[in-house]
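Common to both upcoming complexes is subunit A, partnered first by subunit B, then by subunit C.
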Partner chain A sequence: MSAAAAATDGTYSPAAAAGEKRRERKEELRRHLAEDADWPRADGRSFHDCRPAFMQTGPTTAASGSAYAEFGKTKVIVSVFGPRESKKAMLYSDTGRLNCNVSYTTFATPIRGQGMDNKEYSAMLHKALEGAVMLHTFPKTTVDVFALVLESGGSDLPIIISCASLALADAGIMIYDLVTSVSVSCFGKNIIIDPTSDEEAWQDGSIMVAYMPARKEITQLTLTGEWSDGKITNAVELCMDACSKLCDILRERLKDAASLAE
Partner chain B sequence: MAATAMDHDGGEVVTPGELLGNSSLLAGLGAYADGRCVRASITGHRRLVPPPPGSTDQRSTVEVVGHKAHGAVPQPGSVVIARVTKVMARMASADIMCVDSKAVKEKFTGMIRQQDVRATEIDKVDMFQSYRPGDIVRALVLSLGDARAYYLSTAQNELGVVSAQSITGGTLVPISWTEMQCELTGQIEQRKVAKVE
Partner chain C sequence: MESRKPPPSALVDNHVVPGDVVLDLAEMTNQTIKLGAGLRQDCDTIQATSAGRLRLSKPSKYWVESSQKRYIPSVEDTVLGVVVDTKPDNFLVDIKGPNLAFLPVLAFEGGTRRNIPKFEIGTLIYARVVKANSIMNPELSCMDATGKAAEFGQLKDGYMFDTSTGLSRMLLSSPTCPILEALGKKLSFEIAVGLNGRVWVNAPSPSNVIVVSNAIIKSESLSGIGQRSMVESLLERLS
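Let's look at the complex of A and B:
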């Protein structure tokens, strides 16, 4: 009996067993995330809690306007220059131009990177902001927005958009409304807001909404992964509500800065 | 939200997008009309300006005075101070440094064409006897111009060269609307001189 068992286990391999165990553990964790309705997040937040936020205007003295934002571990600094002369290569334009550039520092990610510009994020930031900026108020000139991610801790792009909106208001650029942005992640039946890097790595899908709360207009909506119709509606409404609350914080920050200036 | 009269000096601080009033108000500087509302477009103090007496529209104007407006941008009709950078046969190139007594943060390129130097004898203008590189001129912005430069004009008495240096490096003093004299050497040089106020 025991000899027969030993014979059948002749192909036993410790690595295979460990791999199998790891797969089982991973599968169990995924099932736990997807189906359980109330598990605590790694940092102790509930499903609909944002991370603690810190925002400040005016950290870059050389820029016309600037803003710094921290959401948990994500740290972003945005500088706005202009309106200034467009480059000679550009054609004449009756309306102003908005240029956006998003870049990461080499030390922003856990694995040291090249510090490259992020073309996709730059295009998305431009799309989020151009609906809010009154381009007709500075014809023939250019406003440049530079966003630098000092530390990437998840939900980078929504924080970049909110911080850029604060920087534009600080620069005195005429805008229709402040643009705030929030993203949510989907885990099976559950929707969590303002995901961290670890949560983003595990998500089934995500939605990012850039929103002008006073005008109740969405300037950008980005969807990834699998979503059902009803869940999309719930997620977008959740984002809009969070954007309105974030906008109140931005307005407070701007009013404080305006009061301090006198 | 009922609009109430407020002090001219310090109203409440408003931020972009905030409601300033309804259609009973006109949107002034720093505000814009959005359907039947008036909203702020910059951060600053809300101010209510009474309608001018005798106007047909009796609505007040609400405006936002920004504590930190963005840098000055040349507009058609504004008077600018510029430094001449290049003089050619038919035009002069200049860097705009001030707009209506406000300094620009980064320079804008302006251009003074031959026909815009003075109001008289336009066809006989000699650019090299009107400006020299380095001269400081006061000019009027005619238009946005083209992709390269704003079109400037000095075809008024108050417009023209306000400060210049001679070839030998001395300060030039205006002696007529076409001539300046060097302080050091007494040499007379031709310029389109601005009328001294």
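Let's look at the complex of A and C:
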């Protein structure tokens, strides 16, 4: 028995090693925060740089429209079904219904099955999209938006919103404009854009903006933590600028998809 | 924002996405324009609300032509529907739209209470949309405008498959679509295309049905030349 125990002592445990690395990173982050200086981010980005983005339409063949988004380690797939007849139990409505559902795979987070609050995210996704979707164009019917987070690497909700907007456009649902979303985190005096999950764990506050660039309208603004007036203004402007740039990527994706189909 | 305000009709035949300003009405005085699907007026601008190609038919009809998996019913469209339920006065037909369509039992040539057609659930029907309204279920008819059956009615045998609305529009386009032209020169087959993105193919032999169906499905992402060369290679393998 002791021989077996001795043999297992030297074995390599990937989970333990990964946990050790995470702890080291958090310690380093805490040290930088204490100094309140301009520190390098874990992935080498500057404070106002977003993660490299990859987006694609049509990964789900069964859906009316679908999109896949990959921002750094965060991977999301959104499928849109409908417009389809509302269930008989629902009351008559002269505007359409938008049904949003966000779910996480069991392997999305480092600790198995520790996804975010799905109901809260579903409600926030609905809030961000309902201002953009022309619900009056499909009365008595429902459009279902199902988002699945394949891997959670931070800033999940903004990516879900942007990806859902792309999927809605791919499905041919009438929308006023594409909705893009970006979040920023506050660390002392510093504002960093598109935080990773490690950065989100140590933030003092966060702002998430869902924005329609062509109409210059904000469909949702979520604020957590302590913020001063000046800092809020800077953060929102930073988000809106990033949203406009992200919207250009979404437009290119849609045009590429349309030209490929032809 | 200024970059998204092109001169009138500069975006015609180009791809537009939701939010794009396709026309600036401030620059168009004393002109009447008609807006079709995928466009809306917002103050002094016309904006796209769906992704696709902006089309213009003379003199001034604008619309966005897009390819989707779902179908929005429109009057005078010919569609392929599947009977999902039968009622005393109507057949309920699935046309891939937001709602099931009604096909009245009397909407057939010489239709009377005595000779009501008996369609089982799952029957494939080629019909014409006579009423389409966003708040009502669409209504179909198996007669043309003169009351004749024409090509409408039940489709027996053959094989039906789903495509996008863009492909079905391409198959029905005039002049004849290159894929159908190339296949028609070498093979004999029947085809019925619904604008709702359904295609029915029938041929004397099952192998011909498979060849035609596969060729049509693959043709969506090919140019005219690509379609012809694909048909040639398919027929070489068949012979």
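Heads up, the rule we're going with is that the second predicted complex is superposed on the first by the 222 of 262 C-alpha atoms of A that agree within 3 Å, B and C clash if a C-alpha of one lies under 4 Å from a C-alpha of the other, contacts with A are read in each partner's own complex, and residues count from 1 in each chain.
The rule is short, and it goes like this: contacts are C-beta pairs under 8 Å (C-beta built on N, C-alpha and C of every residue); 3 or more make two chains touch, one makes a residue touch a chain.
Note that the structure is a prediction, hence the values are computed from the model and not measured.
With the C-alpha superposition on subunit A as described, subunit C and subunit B clash in the combined arrangement. By the touch criterion stated above, A:S259 is placed in contact with subunit B and with subunit C alike. In the superposition on chain A, A:K216 contacts subunit C only, with no contact to subunit B. When the two structures are aligned on the shared chain, A:G82 is found in touch with subunit B and with subunit C. By the document's definition of touching, both partners, subunit B and subunit C, reach A:D170.
Common to the subunit B and subunit C contact sets on subunit A are residues 64-65, 82-85, 134, 138-141, 169-178, 212-215, 250-251, 254-255, 258-259, 261-262.
The residues of subunit A lying in touch with subunit C in their complex are 63-65, 82-85, 94, 134, 137-141, 169-178, 212-216, 247, 250-251, 254-255, 258-262. Across the interface of their complex, subunit B is touched by residues 64-65, 81-86, 88, 90-92, 134, 138-141, 169-178, 212-215, 250-251, 254-255, 257-259, 261-262 of subunit A. By the touch criterion stated above, subunit B contacts subunit A in their complex at residues 13, 15-19, 30, 32, 34, 39, 41-45, 66-71, 73, 105-109, 144, 146-148, 150.
The touching residues of subunit C, when paired with subunit A in their complex, are 1, 4, 15, 17-21, 38, 40, 42, 47, 49-53, 66-70, 98-100, 134-135, 164, 166, 220-221.
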